[in-house]
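This report refers to the structure that appears directly beneath it.
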Amino acid sequence: MQLLTVEKLCKSFGGLKAINNLDFHVNEGEIVGIIGPNGSGKTTSLNLLTGFLKPNSGRINFRGEEIGGLPRHIVCQKGIARTFQLCKPFMDFTAMQNVMVARAYGRKPSANLHIAEKESIDILEQVGLGSKAGILVKDLRVMERKRLELARALATKPYLLLLDELMAGLNLTEADEACKLINQIRESNITIIMVEHIVKAVTCVSDRIIVFNMGEKIAEGQPEEIVHNPKVIEVYLGKSHA
Amino acid sequence: MLQSLGQNLVFGLLVGALYGLVALGLSLIFGVTKFLNVAHGELVMFGGYASFYAFSMLGLDPFLSIPLTIIILFVLGAILYRLVFSRTIKLPEESKIKNTLLVAFGLSVIFQNLALRFFTADERGITTSYFSQAFTLGGVRFPLPKVAILVVTVIFLIILQLILKKTYTGKAIRATTQNWEAASLMGIDIHKVYLLSFAMGAALAGVAGTLVAVNYSIQPSMGLGWTMKALIVMVLGGLGNIPGTIIGGLILGLTESTTSFFISSNYREVAGLVLFLLVLIFRPQGLFGSKEA
Amino acid sequence: MKKNNIIKLILIIVVVALLVVLPLVIKNDSTINLVILVLLYILLASSWNILGGYTGQTNLGHAAFFGVGSLTTRLLWVNGVPFLLSFLAGGVVAVILALIIGAPAFKLRGVYFAIGTLALAQMLNLTVGNILPEMSYNPDLANYQLLPRYYLFLGLTLITILTAAILVKSRIGLGMMAVREGEDAAESLGISALKHKLIALSISAFFAGMAGAAFAYYHVSFYYYMPFGSEWTFDPMMMAYIGGTGTIIGPIIGAVFFVLLKQLLVWNVGEYHLIIFGTLFILIVLFLPGGLVEIWQKFRTFLTKKTKRRKKVLLKATIQNEDGIQRE
Amino acid sequence: TPAPTPTPVATQAPLETQAPTATEVQYPPAPEYIEIGASIPLTGKFGSLGSQVKVGYDYAIADINADGGVYVAEYGTKIPLRLTAYDDESDPTKAVSNLEKVFTENNVVAYLGGAASGMHAATTAIAEKNKVPYLGVSFAWWNIHQRGYKYLFSPFPKSPDQARDVFKALNELVPTKEERPTNIAIFQEKTDWGNELGGLFKADAGPAGYTVAYYAEYAPGTTDFSTLIMEAQAANADMLLGMPNTPDGIAIVKQAAELGWEPKFIMLVRAPDAATWGEATGTAGDSVTMFAGWHSGENFDGIAEINAKHQTDFSRPADILVGPAYACVQILAAGIEKAGTLDRDAIRDAIAATEMMTVMGNVSFNADGTGNVLNPLVQWQDGKMELVWPADQKTADFVYPIP
Amino acid sequence: MLNLENVNIFYKELQAIWSVSLNVQKGEIVALIGPNGAGKTTLLRVISGLHRCASGKIDFLGRQIEKEAPEKIVEYGLSQVPEGGKIFTGMSVLENLELGAFVKRARKEKNQNLEWVYEIFPRLAERKSQQAGTLSGGERQMLAIGRALMSKPQLLMLDEPSFGLAPILVERMFETIEKINHEGLTIFLVEQNVQSSLELAHRAYLLENGRIVGEGKGKDLLTFESVRSSYLG
């Protein structure tokens, strides 16, 4: 069943067509990877999905509802959560408070703050930050902040989770760990779109990969097919991956 | 009627140039250092007193005393930077703006009261022998002291632009504006750049002060009013946008003069503020600001 | 933790009780006046703090709400409307103004918001000065009594502080602080930034308006535009920063400190009082960026660290350190 | 005309000589000082006015205390005056707070005023509430006296005097009707005192033989008056009346000169009161007139001494508010002496019955607390403030028309 | 050429680097690898003078530089390409490059160096008048490196030049680094991309939790089991 359907989506900045007639869909329970050269419109498309940008034209259908151009907090409440390419945690909050905010405001918010607090601690444990609940974000390490960002997104109880370069700056071992975490999240019935440049990680967890170039979809398919697609090799992967 | 409208517009433009000049220093300082120096009006005041005393004690023509004013205010700016503002440069931008705003408040209180002690509360002004001379163009009078505002403003705008665009120092200033850390990795001494920009901003305030003393009057508590004008012009022109600041000043001047012509002198100031708010609402980055900056 | 709370509660009750009996014990108008001044500034600083400190929107136009509240109350009261009605109207009108300007004002961010609100307050100041240049007088000067005014201020201040305290512990309060910490992130978590900012602005404006209303009742005579002066924004803001923004106690400490210090200097130092005040102020801002509250917090962490360290040493003596991770 | 004074005691009655004769009376122990309180704007926008006022108070108190103080019959001795004056930063709220402080802590028997209408309006109400006699100068606002206040006294010319006298003086000084200006331009500052005085100017002009050709309001703090000036010029106005504050006044005269408007007569009631007016405006401010309330060139007793003192302290003769402030203390001291007690109401009644010579001439009070005082017209000539009217006091001839 | 001895670094009370010693010899490519938050960036910032070390010695070409201001260190011939490039977005590509030659030593040879940089990155020559903020991610990295080269350094430090770049660009980036090294520049490289950087580097150091935990020839390290398991997945 299709959870998300994007049709003929367009977005331009001034003269620049960042997204051009984009069509794709995501099925329930899937992990879809998005790759593409720098500046090909990956982040922009996530911004369009989450209401951070308004599309110039086109449709975004999520669970049978049109969501293109809705305010971003509404999009979240409808069940799409995201992480940012550059982490944006609440610096002066503790890890727990960060998650609590999401729990108190996301989809199906907790009835009161006490319950939110309890649930937040559970979520922190899930991403392996259980012991850091009371620590201020400014005292957390980069990796921990990324996990927190994920925990926060999860705490909004999304149907669909959008991850924007969550693994940038990780080495392959760290990326492996992150992949495990993502697989774990999938178990709890959350559909995932991940944007990544670490090809090994994307191919490893994704059911399907979509390739962007200059705001358009140039390829789509199983990870196996994609890494051998000559067009993808030419614009994105380079010879070493061939 | 038409002639007096013309006269009105001319005066508006000339006054506007002064607004622009007052805001120029503030804008330079804010653009480069992100210091919100609300004691700017007090620097204008000091500039005014410097040329006032040069005029009344040394008999120096105010326009000839501008270099002297520049030197005094430049040094004052450098001292202020070293003593006070330099302590905030490592802060993140938001708290830097906030802290400098507060510090500058303290400074303006101190400056006002020092001025009161040393210069007394009396109004001062410079009236040269040629102050009422004017030339007439199409029935519209151009009094020399007011025309001088425009001339001086344009000169300093050009000088500043040349410094910023053509010299290495200017490039260093602009680079520091954008990213001080990267700038210091280029071998730029950012302390020097900050000091220089702050002192230059103060010197510009001093020049504006001379013009205020010639065209209006000066007094220890005059600062706040000019600071407000400068803040508004700075935002109107787009934060840190140097030519935009001058144009912002001109627009404010014109708005005020046309309001008093068509509506009433009662609403001069209000009209300027209304314009400002409208601009902010419909073009939040200011008239000439770029979105990115 | 619990013990701590009880101590806090007792302390609060003692202070409030002292304030309640104060005018009955010290029958001295000058002291009462001074306390009223302090209460007025606590009101203003605390109300400013709801938007400026907790929601992160540096509002340089707080005087607009104070002024509108004061103007409304005074105008109605002078023209014969019963006091209580005029009094409440002050707060209500301030909220209405807040709602009118809120939506456009919150389109602006950062410095733009700050200077935009400054301009707004200045505009109101000038307009009111143009339309109502007359001095207004307290309608019942003959029966002027300081005591009811004192209790009005005291009650209002307590309500403001209580409201703020409850607010910041609530869900909405959490949302407001999240907006302060990062608007983009907050919105991506389902928080409507505009809504929260508007709520904060309205509450902030309401109490500022009520402060204005009380001021209108208190001040024997003043110009209608006087409460719109920018000092009604800047003084409370400085107090909030001196005390510590984003805390309940900060604005209170700040206001007490600010008013008392300034008065003491006026009375004792004479003509140099403002120079000294300015210098002290700058030193505080530069060397105590977190406000006076920071001194207390530093002191507390110092204390807890000391006790913790002692405990740690004891633990080490008995059992081996369980985890090898060093984190100092 | 002054209200008939109910007190039968002759004003100049030598009380001192009478009291000691009643030798056997047991006097209560006298207080160390007679406490007087004031809140004065020494900083902020009225700082320049406040500092002049303060000098006047200080001089007068020093003079009286040099003589041992004021004789108070109740205590049978002279008691020195002590003034506790705090700066209010030109902020009425602080002024109120200061007055309350001196009231409760120093238990003052009288208040002396600060400066400027707005400040007085706030502080006089406190005096009324506390029932403390209040003497204040440096405000011409008349309306404040119409509120039924009992404790407020102001030995200073008020708006009605000024509106009346400007035409009276002009008609006396320029006897030939043809030479007089005819078309008046009035620039009215949009404040309540501005409203009051502007209205009075307008009302008194017609009966005195003048026409108001142009009348405009402007907000205080306006920096640019070109619109007003051009319109006045277009209306053929040859005389300007206004009540700007000093910076506005400087801007007005400079811009009038720049725009080539040359009225024959300019009266700016308040702006030229700054001692620096001449220096600041140069030729533009020359020949501008005003009602100063007092002038150091008047020939009343005591002025010479004040001028001498001022000359040593500030190297110029006394500023215009020094005299009236000095007179306030003289009036107060006489009132206390006449009351013979430190009871505030008694002092208040004694002041109300004042009829005495001071450094500003003869002073008596009307029922509303306004004073009957000399209203001298001064004119700036060659950078100096000269007294030109009334004729018996003048220090220089009236310059007319403005060259 | 560059020699660190027992360097300790703190952020407030938090210690980030624990007595690190390392050296870089002339003509080498030395890589510094380690997990996230190990302190690699911190170390580079201290070497460049952007942050002060609490104790220890840093020696560059015989000069003690641990207390020098950043601009002096650049003057001595040590340049850094900071994390994320940090180009001046509001200026043109050319102006960015000119600023790279800000130090007096380099100003004289500005035009020569410009030629040289354009030779290495022909792409920059094509875009010299374009506003730097509109460049793509890869171009930004090129500009950042080009800018650092403009000061004609003896030693170039690169902080994660491959961060966030598409694989094809990463590949080109490493080729470029090798090319620059062949032209005689010594390179100190901080990378997450362990495979590629170890293949490239002559020597490498392993930094974990602020401590050096390993050192060796680049290709040798690649075969270490511990390195493979903790960095190469």
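Quick notes on this one:
So that you can tell them apart, the chains are marked A, B, C, D and E in the order they are listed, and the count of residues begins at 1 in each.
Assume a residue touches a chain if its C-beta (ideal position, glycine included) is under 8 Å from a C-beta of that chain, and two chains touch if they have at least 3 such contacts.
Since the model is a prediction, treat every value here as computed from it, not as a measurement.
Two chains share more touching C-beta pairs than any other pair, namely B-D.
Chain centres here are means of the Cα atoms, and by that rule the chain farthest away from chain C is E.
Distance between chain D and chain E, defined via averaged C-alpha coordinates, is recorded as 76 Å. A straight line joining the Cα centres of chain B and chain D is 38 Å long. Per-chain Cα centroids separate chain C from chain D by 40 Å.
Touching two or more other chains at once is no residue of chain A. Across the assembly, chain E contributes residues 14 that each touch 2 or more other chains.
Residues of chain B in contact with at least two other chains: 112-113, 266-267, 269.
For chain D in complex with chain C, the touching residues are 42-43, 86-87, 89, 91-94, 96-98, 100-101, 103-105, 117-118, 121-122, 124-126, 128-130, 144, 147, 190-192, 194-195, 219-220. Listed in rising order, the residues of chain C touching chain B in the complex are 58, 104, 107-112, 115-116, 118-120, 122-123, 126-127, 130, 230, 234, 238, 241, 271-272, 274-275, 277-279, 281-282, 285-286, 289. Residue ranges of chain A in contact with chain C, taken from their complex: 50-52, 71-73, 76-77, 81-82, 84, 88-93, 97, 100-102, 104-107, 109, 112-113, 152-153, 155-156. Chain B meets chain E in the complex at residues 168, 171-172, 174-175, 177-179, 181-190, 290, 292-293.
Touching chain A in their complex are the following residues of chain C: 169-171, 174-175, 177-178, 181-182, 184-193.
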